[in-house]
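Sharing a structure here in structure tokens format.
Chain IDs A, B, C and D follow the sequence of writing; residue 1 opens each chain.
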């Protein structure tokens, strides 16, 4: 129903829902499985064919999404529970732990709070690649090699992120890359309460029609797992929601006109982003959660207590 | 026309426009003067009576607003030109320079980019109160005493900002306080392109009905000038704009229903804020502009070249 | 033996040792008790009379010092153990927990890593003063009110720190102030391995002869506990150590000339500070340790798990 | 006279002086030219042969050193004058401007103030590589392509800096790399008052005997210019200076014993670094100076006024 420009979302889950609703039927070559427990909903979208991928604007692959509205309340118990699920899923999708190097890449801009998720996660990781050989064998032998970098965005470096990452990968020769990034969602209710893990890597910018090369197996030659959390929705999304709510309530028959209004609005709202009022605290909490899940998944032989010894 | 909850703005200019439009006539006790030159629009709202203040939800006083859409392009020429106008207006409203101490207070949260304007301005000010006596008379004699602090927000200190500021004022005994703060606007087109200076001080939170004490002459016992730049609009504002645009175009007669839709939306959008995609760069530029205007207004005897010698 | 200018240290323990060695006998009015266990040495210096205070250049009061060379290795176990001892000592010296407000003040300059200890501790504290009333009674009733601020140094604010703190104290009316600060030591072996707690508050600058008012019961009207960790020694201290080592080994009879050399060196070395090569990591670890000890001492009814729920 | 361990310096000028004094004659294959004007001393050390390089512990190449004690007073005039000289020398040594890409690499650790020079310079550079094609030809045609990155240190990334830089160079294919780094000096009087430019690239760690690969033409395949400013001296240097001063004054005949004392001291002082008390302000000023010189040298067709339009 919505035009693609107003549908901008990095979540496969949202794209699958929109595409299915638009098609009025199941998308062939894609299957969606859901489970729910203890207030946590997990959705697994599998895109099996390029045709299905084209319909949702995402490359074929597996997309795991965890939704937990209670993350908003930031209780230690919830954060720990979710970190455990994410660690397990990362291990599954990424085949962790790995005996050989894993490179974790924090994407995004550390100078803009809503885009700072990746760099903040990286600053809390357990970096081991350089210290294993200097440790007693008893300990060093249980550590898997992890390296990490936050390369900065195009405006800061003047270079495409893929070029920086590809260059490092060719020198350091990791077995796997994991990217961490702040995402855009379509629905504001998903901000900071949803986590996506994909085995397809990432596509900078909004996907469809974008010619910039992705950070993925095709461009790096090794598997790329992308983990992300939506921190912004577009201004257009909010506007369209308002109109849709109005139509649903007052004028259901006029919903067909929504498209043209959206078109008109898009222009004005393009330079806006919508985020939460507590974004500073929420980014901090969610970056801790992801760092903890990544540390756990990459270093299963190290207890949480022991892990704290290596973290600064 | 709009409900007060969806009208949340710190700009007197916007509140005056809304109130006038709602009243369908000039508000008695308030006058609004506009001038425009070289793409810069200046509006002076004077609120002469408490009654007029109640209608716009702002205390009586003088409100200067500069709107310059070209600030968005950040050309040095525009930034310098606007800084000059702001310096002149500050001098006028604040009676600068002052022989006695001026205290500049950077309000807001340095951990959230859109709220970091005040602290960033303070970090670029020329602080002179402590060095004048250590300088050669030739130079020290031309410097006026300026002190500054960024106290941090309630969630970080556990204390109301007014308590911190009042305490410092009673010890340091400045002659004048100037606050610098990020503001909320109603219209997204004003984000980072509008500057407000008020001789009324500030009211933390959204104004109407808020019981938290303000930072103003009443609470501090000395004049308080507030300078601010809108960096966010509420999610509700964007939603209402979308609906209004729809009605204007497709259903002008139904605008009366807007209110109830707004009511319904308000609930969902309350925890969202809308800002610009380039907020990191824009905050940096506008904080430079305000710091430069404040330095100029407080130290008119120091040339720009000489000023750079004191700044770090 | 050493000249006062080369003896610059904020540690009562070092000053007591120097003064005793110079006097060639116990200082009347001062007693020093030591205990040692598990590689941790604890010294309690009690200065009972102004005369004794004058001899060591510190006001009368109680000074607790913990020395733990193993802190250098930053094992979680050691850090936790020391945090427990500091929490207990803070409780004892400061009469914690307090039903009424406690204000924690992070002194020092966040822009210079070796001086950033205070501000970093403050950023990791559990701030409760503002939230107790908004919490369920079951929880809020168990929280004690804690507020905190990092006011910044004179060069940044243009104001004496004591003025800022005194102003806040008079508005907020806490029952107790705890300052946290980076200290200067005389011996490099104490850097980042020693923690001092004093019930005398602090004296900005180096003490003897300094006319700037202190942050203490006399100036604030309420008890002031000062907690600090040495992060720097003066360049002169290193130079004197080298000379002393030389004399001890090669020319014991010439030690009398040390003084005049020290005098000569002082001039050149005055603008230097000596710190550790790992200061960035060590400041981070020790700020965590102190924040954890302060949180524990101020909120004994909250478990460590529960505490993490409030921290960002 | 001094042992190599106590001679740790990254300045070719200091190494040349020490080596010459030790040899008691000119080093064959090395020439040193000095000029002095307006309180600025410029020394050009040319190392023509590997033998000469081995004697001073630096690879063959050209080393430019500017010494300006007045930099300590940070007057705008001095800073601008020195920036101009550095820009001119960079242009000469680096063959600037370049039609093809220049990559500037900020080395060092942003979390430790004395080591943060490189990252701070990078954050103030004019990054143009990504915007030239989007600009009007009139302007874009006058811009030369500059990219930059601060990769972080080994402890933060787990990767050798050379691997990161080499990887990027192979992808981005710049014509030239310029590194910016904080250096170690032997003499404290050179801290923050000396600037070195070398056409030899850099050798991580202290040089002699270090097996870690350098960042230089040999490892990158393109010219590498290294620009640096000393921000630390070793604790051992201060200690040795004290002993030397003592001997000079009181016991000139005993200077032969200095070596063994130095040996003894070295052990204890190895983990200390000595920097200036105003390091936070001085790093800020000197990073501005270098960024300004680099911007000027890389973009000679852009006026200073115009340049400010691109900088954030």
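Keep in mind that, in the parts below, a contact is a pair of C-beta atoms (placed from the backbone, for glycine too) under 8 Å apart; a residue touches a chain by one contact, two chains touch by 3 or more.
Being a predicted model, the structure only gives us computed values, none of them experimental.
Common neighbours of subunit B and subunit D, listed by label, are A, C.
For subunit C, the chain with the farthest CA centroid is A. Each chain gets a centre from the mean of its Cα atoms; for subunit B and subunit C, those two points are 40 Å apart.
Measuring from the averaged C-alpha position of subunit C to that of subunit D gives a distance of 36 Å. Residue positions of subunit C with contacts to 2 or more other chains are 155, 281, 284. If each chain is drawn as a node and touching chains are joined, the picture has every node linked to every other.
Residues of subunit C that touch subunit A in their complex: 74-76, 281, 284-285, 305-306, 308-309, 312.
Looking at the complex, you find that subunit B touches subunit C at residues 123, 127-131, 145-152, 154-159, 163-164, 166-172.
Taken together, the subunit B residues at the contact with subunit A in this complex read 109, 111-115, 155, 188, 191, 235, 238-243, 245-246, 249-250, 254, 257, 261, 264-265, 268-269, 271-281, 284.
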